[in-house]
């Protein structure tokens, strides 16, 4: 009865091809420009900011590395890295704690939630200005008062990488962390905690031995968010970093001021760091998953 | 004891790694550069007075900085070459003749009655606000290869011939003076003091700028030295007010760029070292030591070879090759190839410097960068121009 | 029932209990304050770095200022300055309105563009890519740029769009144009392009998320009822992804409204934006008027969001 | 035949000819041929993954047919879009549009066809009246109970006047009590409308209660087609016997036969009847009217005897007892495989 | 009595005294009093939302008791944490820790109690051997089938030597075939360990098959407690009769009585037996061994008759036929409410 032994082929609708083309163009749009600067960063020593390429070399990377440029990128790089890592750790810890709190009922939970969402949607420049003002007031008003009590230096500036800067970044990363925690905990059945308690685990044990291992892969996600959001943050950093600049601020300043392909070399380097972090995280995530699945010999 | 570190706040353009290196070798002092934009220098001085030990800022910012009480007078007695500082800075004269003093001329804001004063003295005293590092006279930079016909007046900045290929300096207090130079050159307006306009003058100036902007005169605005270099080098812009070293920087890229002297004269600027009130004694001593070293020749020559003028001309001359001095300061044709400090070729033998000698250039200054009394009003109007 | 001895810790023997009782009802095995303790760090961060700064902004917006200091006071002059000339009836638009208009123009352009692109991309990923691994892989391809530096992504346009940039050279090379296109860089076009490039992902992600939640059976049910592809889109898909659209829109609108960097760099510093105004006022140390501007900006953004939220309840989405 | 024509649809036969569905390399449906006469309640029955849904969805047009033909009436519908096949589908979770109210859900197909608003709402209301849901016309699906949702889904499917209604596990989302009630309703509607229902289920109880025609599937193929009684009383294969439940499959040499659990007779070992063999009681489950006695024969075969309560009470057995178990030779039913 | 003591736990009675659970204003469990003697298999049976889970969870200590007392042995455990009550709970989806392998899951309670690693793994292995899962000791839960997971969950719960094992719908996650198999295993383990099982279900079939003691709940209260046969044969209330299924509730004046569906006898109207009344057949459902005939009396009462296949075949009826229906007076069972 089966007349044709070869099954028919299923045809894709025409819209598929149109949309696939659109998608391809979108990807080109997304990556194309970055590819140009990646290419241009390998200009020869006499190359300029635009095509055509004048030779092919690592000259601009060397210059960047040797600090031959106008500003100390290395220091900004290290500052951003330190800040990013601090933000990463704090974001993970604070988000997990808050996530745990939201599993229970407590007064003010709705308010806290709305504040978190608000922190996400209030324009960053406003938050940044607010923090700068707050610290200005602290310095202008509180500091002399504290100084008269001998508690602080009368002159001084409280704005800084790890005071206002850190706070500004947390106000940006924590809402993301919290929302991810919601997603994670929504999918985490309460019966696991009950089972742990049933088996004699204390609250801490139940967190340490049950909840934490179960949510660990998602914490990697939060960590990634925390780090990259901080690593790339500009608007909130703009007024809050005090006497130092983070890498993106430095970059933003340089975009208009550097006259050589060194800026592209820098761009390439920064992109490389981002990619390393992303793929490192992904690899860690996958490794965790795989270990879960296959760390054990197949039995029976 | 550990080496002293001086946190040196200024715009990026004033921060030569070579100077830091040499100072480190000569004095055993670490120079730690903090690079920010011109506006930010002033902002830092006011809001974060203890975030630096030495500031290199422009004289025109002083009327804003001094009242904040964050800047301390420098003791002239501790500056060995204090009385050899160029007369144009000390007195506003070049070769005995008074130059144009419109705006915040350095001579008006150089002296303080006491170390901690918050008002200017008005006459020479023992305390100096800033010790000059570099100064120069600005004019229009052009791309002769992309422009036909001569340019000889500030009016060219607003000339519709350069529609879409001119740029404006977006530091309001300086930008408006460029505009004023252009407008008065065109004969549209006359000003009492271009550096201290009345509201009416501001309104008219900005009105004219808005008109030009709407007509598409400007390609871009810039706020930073290197930005102007980029715009010029990439050919996006063919005419704009420029800083002399910026022209030099374009030229080192092998691009034809001219620092065009104009019949109305120059807009001058000067910047110098200041000390924060909050400085500690050890850093203060080091700062004086560094300033004295700075004035002693090597640093001056290093900067002069980028096109800046320096505080103490005598020591600069000593530290330069005669042919270099002749080219940079005397307006003579270069006897040999002129090289930048990093060894790149700037000019072939035989070239002369745009605008001629030091005296010719500084002698023809028409006004100085300034902060006006109506600054707040002016900034609001400037924002209107940006928004237009 | 009388059996063996009970360890003292193992509870209260029946006999030991009094008859009358008012039960104190526990509701959890963890002490009541645990939740507060756990929420405290986050609450504290938001208090210190979000609530108080906003309060400070409101307060300072009523202060006085000079060139170098701010002074506690209660004056409305800053607001008057913000709206200087706006209500005087002059024919020209005042600076603030012009600035907002310019900013809103970008918001509108970028919103429409990101929505169109974001929706199409999400739709393709969701309904035309068949296997989940492929969907995830392509989704990752779209999201990875989001994790890399915004500044770098922005400036990468410059070598492409300049007067002597790649695009102009190419177009001239193939003889499509004989003079370089001036409007490619330092123009509204450049700004819009860069903003779309930077922020389309903020649309793609929530819309994709909403779309993935649509039960495939609903689409089949629509086809079953005779709907064409387009009818399915307008009658089923779009109504169901509305929450995703709203969330994406909120992101794009707030970010673009507050943006000053992209508009600055890509607009050749020639284009005004509210963020830039605030930023330059901060640079000139005019904190109180910057604060007043920030409050006005905040009000505008919140009003917009409030309007959007009236369309959709996004809490369901979280 | 096409759904656009708004007259009550002519009943028509549904025929599958060697229909095959391959997902990549896995063959989900393997050359299935089947004829469902007009007006039949047909149940596709089988374990999870046996290809029931795939078969149904190929008929509906939601799955591409890899090979073979689907005919409705005398039209090959392989390449027709779902709405033009004269089929309508009721989805497992009903797939009601959550953003439309009940009336709009029901009127959806008419709206798509461009019927004027007034007309389509009128017809939707009429349809809702038929399924007794008029009172809920302006509720959203989320505000309905499972049974109510089912009725709306039914109304929505029937408004297109389909020739064949396809139902994919329509009852599995309901709780057991509702499930039994809704079962009766489905059967009633099928009778009233006089069209064919093709109903996918993995519950043999459901299939037996509802179907005129049961199609037992396994592993992409049809194992047996017949009336419920045929299938239950005369399972053709070991698989069918086991899957239908209530059967003991006894292997004897190379062949096997099935004996219904209620045909087994237990007797005390002492006075075992002829042909009985000993077995140990391994479990006794009370089941209300009947009692299940699980037995183990010395050779390891498990047997299940279902005894009416009164019969069990006459000679109760307990776990561990050894009893004689026997059945009439004419209750043996030989199996093909 | 405490779970820490590692000796096999003494069996103990479980007693609920006027236990109440209120969630805000809704009273989920309303003064329930119940005594489950040591070593009993007790099923809590009732429709969805009747408070079964709440009751069980109060016993387990996962829900706080609004009023009343829970006693295990002669200790009031109201304020004891779950692990110190001598209860253990098996969760509906088993709640096996997905990141721990089977052995670690089972040893979890011992680890929490601080038992040395070697010791606890040894005991876990012993427990796994008891539930026949030794071969899977180092698999992760995700690599197990539903039935295997259930056994692990059982082992994990039993390793604490509980006095009472609490099970909340332990079989509902399984497919129907597995469900029946696991049912038998649960019963076997209960017998082996000799402790009480309290098992929540909404399936009367499950309850009847398993329980020594069935507790029928409705609306937060207990409707009836008894052995499965008592409850099925002598439902105390209309609710129990209806809920257990297979019963007809006949109202006669103010009182009502129940008649089991298999006690109804049908006869052709012509030669109706004494006491029979006419009724119309509204549905005939084939159920394999039996046939359900739904009837409607002229006064509107619905009746259900369950006939063995052979009896139905002797005098088949079809939908629409009118028949006489009758039952023996001694099959009437008077209802309290």
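Note that the chains are named A, B, C, D and E in the order they appear, and that numbering of residues resets to 1 at the start of each chain.
Keep this in mind: contacts are C-beta pairs under 8 Å (C-beta built on N, C-alpha and C of every residue); 3 or more make two chains touch, one makes a residue touch a chain.
What you are looking at is a predicted structure, and each value in this text was computed from that prediction instead of being measured.
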Legend entry - Shared chain contacts [chain C and chain E, defined touch]: A, D
Inset, instruction - Give me the fewest steps it takes to get from chain B to chain E if each step has to go to a chain it touches. - result: 2
Inset, instruction - Compare the CA centroid of chain D with every other chain's and tell me the farthest one. - result: B
Legend entry - Furthest chain, CA centroid comparison against chain E: B
Legend entry - Pair joined by more contacting C-beta pairs (A-C or B-C): A-C
Inset, instruction - State, to the nearest whole Å, the distance from the C-alpha centre of chain A to the C-alpha centre of chain E. - result: 52
Inset, instruction - Express in whole angstrom the distance between the two chain centres, defined as the mean CA positions of chain A and chain B. - result: 40
Legend entry - Between chain B and chain D, centroid-to-centroid distance (C-alpha), Å: 90
Legend entry - Two or more partner chains touched - positions in chain C: 28-29, 162, 164, 282
Legend entry - In chain E, residues with contacts to at least two other chains: 61, 81-82
Legend entry - chain A, residues touching no fewer than two other chains: 49-50, 136, 197, 256
Legend entry - Interfacial residue positions of chain B with respect to chain C in the complex: 39-40, 42-43, 46-47, 63-65, 67-68, 164, 170, 213, 218-223, 234-236, 371, 375-376, 379-380, 383-384, 386-388
Inset, instruction - Going by the contact rule at the top, pick out the chain E residues touching chain D in the complex. - result: 47-48, 175-176, 183-184, 187, 202-205, 208-209, 228-229, 232, 244-246, 260-262, 283, 285-289, 292, 294, 306, 308
Legend entry - Of chain E, residues touching chain A in the complex: 3-4, 60-62, 81-83, 87-89, 91-93, 95, 97-101, 108-109, 111-113, 135-140, 142, 156-157, 160
Inset, instruction - Sort out for me which residues of chain B touch chain A in the complex. - result: 12-13, 15, 17, 33-37, 44, 47-52, 222-227, 229-230, 233-234, 249, 253, 277-278
Legend entry - Complex contacts: residues of chain A adjacent to chain C: 12-13, 15-16, 19-20, 22-23, 26-27, 29-34, 36-37, 40, 49-51, 93-95, 97-98, 100-102, 104-106, 108-109, 112, 115-116, 118-119, 121-127, 129-134, 136-137, 140, 164, 167-168, 170-171, 174, 178-179, 182-183, 197, 203, 224, 228, 231-232, 234-235, 238-239, 248, 251-252, 255-256, 263, 267, 270-271, 274-275, 277-278
